[in-house]
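Each structure below appears as structure tokens.
Both of the next two complexes hold chain A, though its partner changes from chain B to chain C.
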Partner chain A sequence: MQLTLEFGGGLELLCDSVKVHNVHVDLQNGAEKLTMKDLLSWVHTNLIKERPEMFMKGDSVRPGVLVLVNDCDWELSGQLDTTLEEKDVVVFISTLHGG
Partner chain B sequence: MEKEDSKSKKAGGRLCCICNQRRAALKRPKTLEQICRECFYEVFEEEIHQVIVENQLFKPGERIAIGASGGKDSTVLAYVLSELNRRHNYSLDLFLLSIDEGITGYRDDSLETVKRNEIQYGLPLKIVSYKDLYGWTMDEIVRVIGLKNNCTFCGVFRRQALDRGASLLKVDKIATGHNADDIAETVLLNILRGDIARLSRCTSITTGEDGPIPRCKPFKYTYEKEIVMYAYFKRLDYFSTECIYSPNAYRGFAREFIKDLERIRPRAILDIIKSGENFRISTSTKMPEQGNCERCGYISSQKSCKACVLLEGLNRGLPKLGIGRSRGHNNDGRKDGKQINGTSIESKQCGTLDF
Partner chain C sequence: MESNGGATDVSSIRSEIETLKAAKSDIEQRISVLEAQLRETTINQQKTDTVSNGTCRSISTVYSDNSHGLSPDMIYRYSRHLLLPSFGVQGQSNLLKSSVLVVGAGGLGSSALLYLAACGVGRLGIVDHDVVELSNMHRQVIHTEAYIGQSKVKSAAAACRSINSSIQIIEHGEALRTSNALEILSQYDIVVDGTDNPPSRYLISDCCVVLGKPLVSGAAVGLEGQLTVYNYNGGPCYRCLFPTPPPTTACQRCADSGVLGVVPGIIGCLQALEAIKIASAVGEPLSGRMLLLDALSARIRIVKIRGRSSQCEACGENSAFTQDQFRNFDYEKFTQSPQFPLPLKLNLLSADSRISSKEYKERVDNGEAHVLVDVRPAHHFKIVSLPNSINIPLANLEARLHEISLAMKEEEKHKGSESSSGASVYAVCRRGNDSQRAVQYLHKMGFTSARDIVGGLESWGRDVDPHFPTY
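Coming up: the complex of A and B.
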């Protein structure tokens, strides 16, 4: 599945200072859909190069990290249970850096 | 078009609960309402307008400096204040005021952002530097004192630098970008430290009315989440890199706690502020008396202000002077005041807009 991932608010520093990543994420064996939960663990493994604790806490994002799926707050689409589709755009923004 | 359809399907086809027409784009932490972008802009801006009006933050004709760090809060503040000033005829003269601490690779980059904001929002910009005011850049200070106490210097110097910049601009007031999350965090920190003097002050929307230049916080009730969402949707240009001189660990812990609480119950942030507001200080708690620094005239509860003490240490090659609960120095017998000063100053975080 082709996805566009965007990191902002300082989170880009955790992945080689690259803000926009066009990625291909495969479904897990036997899985029918890709959820945000799956994507987060994929990002953790494949994109985050340093200080993962700035991005994740438990199996979700760290509180204070905003997530938007196709420019819509993920709190409206079920957070970790949000189902992703081909060509979706997922944005992660940290609110924790500087004022 | 197909894209549009799949998008709305994902959000459960939820419509904005205000206009009932457009697709909801975010959940407001304050009210848990699901609202669209357009309605969000409107409630966000109008709530800030209401706070400004109800608390009489500004008077017509005033000159106002916006403490501008290039970060999200002050960038959104500059944008929203200039909008509201036009829309509601505040008749304010707005300025951007920035501090150049002299931190290579951090402040010089964020100042570039402020310089772009100057053009984007058409607001005159004034930059005052530590080097000009104190003869030292933060880089030079860190070279002398190391990384352990640098935030003491940063916090003390920045606070004064902002006042001095404001008097150069001849403004009537300074507006800072402190948001509801920041204030809740500060309430908590002051409780954890038993810093009663600051606890009672930190929730005030306007402070320093007895001093030379009052400061106000138009974002006192504005959630950080909404500020960042607003900046994102409006594509506002802000800078977001951590200060390279390590942030305060204790403050970081408090922030994390606030964010954890917010996830479980977003109202918690406003409730902590309310708790802070409703604390009553018993008359037996001695509050430090305010006077003026004998050397530079800056407001101070001691003979010399904290900046002058720190500066003297630097210039005499005794950089530890004035850090922490200094004893024997600056001793004029007002123990309570000194302790409050000595401990609270260390809390000032480096690199954020914590003026």
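Coming up: the complex of A and C.
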């Protein structure tokens, strides 16, 4: 499945400072769909190069990270259970505090 | 003789400039306060005249006696607003009757305040406890060089008064805490958050929830910015979005990570815009949505965020977050981070593994054979570095250890180390934290004589060479 993944708010530093990743994610053996839960573990394994604890906590993202699926907060689509579709755009963004 | 005279002249000229500048800023501030006073008195006078003169009104009072209450001066000043069909007299009247509090007169607050003062918000409050510094000037455009060392609130208020002497500017020259926040915020209709740390952001959001005030929240670090409106018209609050504070290591600060000056400027302008829309009851405020600015790639994305959470501890249906609870809430403990961050001061090493910058200078002067490893990131090293230091960033230390061994051999050959102990190793960084981490690692890897320079380059600039740049 083709997906566009974007990292911002400093999270890109965890993946070699690359913000936009066009990736191909295969479905797990026997699985019919790809959920955000699957994608998070894929990102953890394939994209995060350092300090994974700055990205994940347990099986979800750490506090302070917003996840947007097609420009929409994943809280509105079922969080970890959100089903992804071909060409979806998923943004991971760390909240900023500076001013 | 002449050169001596020249040196005295320079210092006396400098000190006279300083004295005159201080006097000038005092006089300017006094003038703007008086001008504002004068204007207020005149307006009141006009009102009294209108009432008492009953039968013989002058033409000018007849003109100003219209339903919107805008004086001729106001009509001219705000004419370009009044000409906007979607804003017009009603929008401007609403704005003039409204009050906005801006917390933080920094990078975000600077542009927000300038526009809020200019546009005619009736009462504009400014909260800040800090003083203006030279390293603020590139982004905190409300302050001028003459105010370096003086209070930000005083400086920002003077700038606002010089743009618009017809509105009320209120200075709150103190830090916002749970003890004073309710009292200060309750005096305003709308709050603009231009602070720079997690405890302040939770504190301000909770206070707005308790008092029922809309909150225009902006943030900027590096080349990115974020903007949204909280607690407005049934929309979410900060805690709905971020119920659990982030780990402290995830909170970048402008003083450490840097920030391109114009980025908070843009977000601050957008904050002014959202505050103006709410105050004038015009348009569609950015509630339930968030604007994300990526300045480097020139991309602005507006995303839909969750609505008010019924589970929210501050604004949820079953929440009983009261003013009393707010007053007693420990925001620094909750977020595990200080509201007024002081630079971190680690103490990882024993005293004999450390050396002061002065002592290091003496050893260099005595010709000691040594290698100085600067463990800051490469882009820091490019700003300024000590002579003969080699740059091996902490993150690469493991992979580049051999470079230290090589440099030591080189140094021993060069200086002909008569003391059999060989060349010594010192580590330095910006403030003296990473250098300690580096020395811990070096000890483990067999460089047992390695020491760090206490307080880093900052202490070098302070104690050894006052001309050495700090950043």
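Some observations on this one:
Heads up, the rule we're going with is that the second predicted complex is superposed on the first by the 95 of 99 C-alpha atoms of A that agree within 3 Å, B and C clash if a C-alpha of one lies under 4 Å from a C-alpha of the other, contacts with A are read in each partner's own complex, and residues count from 1 in each chain.
The rule we apply is simple: contacts are C-beta pairs under 8 Å (C-beta built on N, C-alpha and C of every residue); 3 or more make two chains touch, one makes a residue touch a chain.
Here the structure is a predicted model, which is why all the values come from computation and not from measurement.
By the touch criterion defined above, A:E85 lies against chain B but remains apart from chain C after alignment on the C-alpha atoms of chain A.
By the touch criterion defined above, A:K19 lies against chain C but remains apart from chain B after alignment on the C-alpha atoms of chain A.
In the superposition on chain A, contact is made by A:S77 with chain B only, not with chain C. Residues common to the contacts of chain A with chain B and with chain C across the two structures: 8-10, 62-64, 66, 68, 71-73, 75-76, 91, 93-99.
Only residues 8-10, 13, 62-64, 66, 68-73, 75-77, 82-83, 85, 87, 91, 93-99 of chain A touch chain B when the two sit together in their complex.
Across the complex, chain A is touched by residues 3, 6-7, 10-12, 14, 23-27, 34, 69, 71-74, 110, 177-179, 181-182, 224-225, 227-229, 232-233, 239-243, 255-256, 259-260, 262-263, 351-354 of chain B.
Across the complex, chain C meets chain A through its residues 104, 106-109, 193-198, 201, 218-222, 224-226, 241-247, 249-254, 257, 259, 264, 290, 292, 294, 297, 301-306. The part of chain A that touches chain C in the complex is made up of residues 8-10, 19, 53-54, 62-66, 68, 71-73, 75-76, 91, 93-99.
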